[in-house]
Amino acid sequence: MIDKTLPSCEAAVADVHDGATVMVGGFGTAGMPYALIDALLAQGARELTIVNNNAGNGDTGLAALIRHRRVRRIVCSFPRQTDSQHFDAAYRAGEIELELVPQGNLAARIHAAGNGLGAIFTPTGYGTRIAEDKETREIDGRHYVLEYPLHADFSLIRAHRGDRWGNLVYRKTARNFGPLMAMAAKCTIAEVDDVVPLGGLDPEAVVTPGIFVQRVVATSAHRREAA
Amino acid sequence: MNRLSRDAIAARVARDIPEGAYVNLGIGLPTRVADFLPADKEIFLHSENGLLGMGPAPAPGEEDPDLINAGKQPVTLLTGGCYFHHADSFAMMRSGRLDVCVLGAFQVSVYGDLANWSTGAPDAIPAVGGAMDLAIGARQVFVMMDLLTRDGASKLVAECSYPLTGLRCVSRVYTDLGVFAVGAQGARVIETVDGVSLDDLRRLTGVPLEPATHEENAP
Amino acid sequence: MIDKTLPSCEAAVADVHDGATVMVGGFGTAGMPYALIDALLAQGARELTIVNNNAGNGDTGLAALIRHRRVRRIVCSFPRQTDSQHFDAAYRAGEIELELVPQGNLAARIHAAGNGLGAIFTPTGYGTRIAEDKETREIDGRHYVLEYPLHADFSLIRAHRGDRWGNLVYRKTARNFGPLMAMAAKCTIAEVDDVVPLGGLDPEAVVTPGIFVQRVVATSAHRREAA
Amino acid sequence: MNRLSRDAIAARVARDIPEGAYVNLGIGLPTRVADFLPADKEIFLHSENGLLGMGPAPAPGEEDPDLINAGKQPVTLLTGGCYFHHADSFAMMRSGRLDVCVLGAFQVSVYGDLANWSTGAPDAIPAVGGAMDLAIGARQVFVMMDLLTRDGASKLVAECSYPLTGLRCVSRVYTDLGVFAVGAQGARVIETVDGVSLDDLRRLTGVPLEPATHEENAP
């Protein structure tokens, strides 16, 4: 019997190595896998490359990882926010490297990795600083920039429900980057509100098929017994 | 000189959005356009974080942290709306499915170049978000902004001095002093606010301005 | 009020012009929009370029379009089957042009159009006849072929249920190319078993958001009243 | 000379598929492998037309024309299986998520080149389907075939004469006379059927063959 559920976030992130590239789901706080990030913080891995839309909000989650100097490099679209003080400080101190990627290109590059493509020509960013030193090409009268896929060693994502085969559904706009990041990592770890028995998810409505997910952890207080 | 309030600019933009349009309202000022869309018409609001058919803000106490817009404010979903992931959401933009995108700007050139993501200050922390994707991703990009900076410099310019968000992407500029069509032909004045003349706008902006033709007047 | 439903397939395909590129959903017969194809046949458009996984089965659907010489060119992965006699005859007579595309590249190229990409580097077909005369590139030690997006004027697809805003859900493996083709055409026409009232589809389970669909026709005998 | 039946070859392939593997069984002969997968192990069958967790053929009368496999035969879905569109389905392949793909072949080279989509006959109508995607899209590509054609020519060859499906993509070849590892090092014999010697295989195939090392024996 295949059971991808794990009893704790600690167990789920135990093998994240120093220097790993870790995608972290979420747009702002919606879909942010807080329990997995807390576990990663406690686990202690360093020199991480983080891929997320933002660079942390407030003092918890991704912001805490940055505050504790676990992040060497961040790939994101919108680091600067009113409550991104820990990133701001690390960046100004030269302690963190930033690769700024337009949000749609970020999604497309993660998706390109998940689709096994070698590179894509995307129109976003053409003629701007973002495309400086990048290969460009005119195709059918439109200008494109060549962008490469973003792969990860681990993806930490938050979903609504999962089953022991790793199938996932999300909740509202907390879906955001989760399904893409699940496709782009060697090891995808999902924290979910509930683990449901096999068959508890409508096969027509599964958003992330289990083939993209290696580990599932229920983090809700009202966790249910799995199949 | 008469100036439109920000709400009045938003209302003016709303007038140019037809029923059935798929529309993305950028973070900040453009969000106000939603308040002026006619209640009796169905217009589809897209939020790039993954929803279509975005409704108004929820009643106090009804906020759901998993249901937010691109500005990370709580919103609602209309009956008939739906959710999707980021790749599908930006596919809608990139493949030209959005009819209108409304954005703020630091500068717009008479040719439709847009600068709205960075002032280029050397010590600023850069952040672009979805601005570049939106700039190139809608059939029509509407900019709403004050025509002048607080220092009186025109934000409608011959050439952007701030870092570009997108090349030749803006079609209309809605300001407190007038509405402009921009593009390959340069800037055209579609309308001015009461008491502001074409020559006033020429003087304030310092760029060549002509009245819009009949065709240019049609949004 | 926006209502994308139309009373008949005839009305839905009335403006398909001679020479149009038409994507046709379906893998074999699952997901094949038979009613729309019949209407297109009756409508009479000629010189069509058809994009489908196959090149018609038996005597109906796509096979009938070919038999009646409406198709100038077909882009597909698997034309030759035991019951592809009408394609076979037209091909051998030199009356139809064939662009053979591996099935995954076909999906990826349609998807690239739907994603607004200018081109993609895909590994499939490298070193084979399919890639002859195509641009190739080695990226991170793997070989890729440059492939261009497939766009269409019209996509004719079959879905299970739809609403008046064009939202669609599919049924089992009849989903196949439908969601991709919906994204890649200027005008997507869906025939559905039932039109349901707005809100009748779970917003978490909508597979094709209405923004990708211009026309919906109920073709089931047990058609319901729409909202 | 002893030869394995096609079912026996299928059973031999099935032995090398571990629990939890994601597996695509190509159209035709490879489909039979499903009949020999152990009932007490969970193995995930993928069908490229858009399902994962494919179950056995339905009972007569229970067929659903909307639930078919890549060979267009009616199938079932296991509890816990799910559906997806073609782009996601081939994303699973291209991004290396399939552990094993089992394919038939016209020829396999000792270096793992595969020819299974066209005989190259000038009057043939070409059809490739998902063969090229599968060839490059699984972590391990297993080929099952008779070692010899009806005319006695070896299908394990130094270099494919038929048009290629994929370069250096096959890892193992399961035949009626023996099992081979193929790859950069050339062909190695993992096992022969009873009564067939290594020298017999060398003579029949005409290609250099060595016994597999311990490492090469591990699937």
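A, B, C and D are the chain letters, set down in written order, and residue numbers restart from 1 in every chain.
What we mean here is this: a residue touches a chain if its C-beta (ideal position, glycine included) is under 8 Å from a C-beta of that chain, and two chains touch if they have at least 3 such contacts.
As the structure is a computational prediction, the values presented were derived from the model and not from experiment.
Counting only chains that touch, the fewest steps needed to get from chain B to chain D is 2. When the C-beta contacts at C-D and at B-C are tallied, the pair with the greater total is C-D. Measuring from the averaged C-alpha position of chain A to that of chain B gives a distance of 29 Å.
One finds 34 Å separating the Cα centroids of chain A and chain D. Touching of two or more other chains is recorded for residues 77, 83-84, 87, 90, 93-94, 137 of chain B.
Counting partners per residue, chain A has 108, 115-117, 122-123, 170-172, 204, 207 as the residues that reach two or more other chains.
By the contact rule set out at the top, the touching chain pairs are A-B, A-C, A-D, B-C, C-D.
Chain A contributes residues 27-31, 77-81, 87-88, 91-92, 98, 100-108, 110-111, 122-130, 143, 170-180, 207 to its touches with chain B in the complex. Note for the complex: chain C touches chain A at residues 108, 112, 115-123, 137, 139-140, 142, 144, 148, 169-172, 202, 204-205, 207. The touching residues of chain B, when paired with chain C in their complex, are 19-20, 22, 42, 44, 46, 52-53, 77, 79-84, 87-88, 90-98, 137.
Partner chain B is touched in their complex by these residues of chain C: 1-2, 113-117, 163-165, 167, 183-184, 198-199, 201, 203-204, 206, 209-212.
Chain B meets chain A in the complex at residues 47-51, 64-69, 72, 77, 83-87, 89-90, 93-94, 118, 124-133, 136-137, 163-167.
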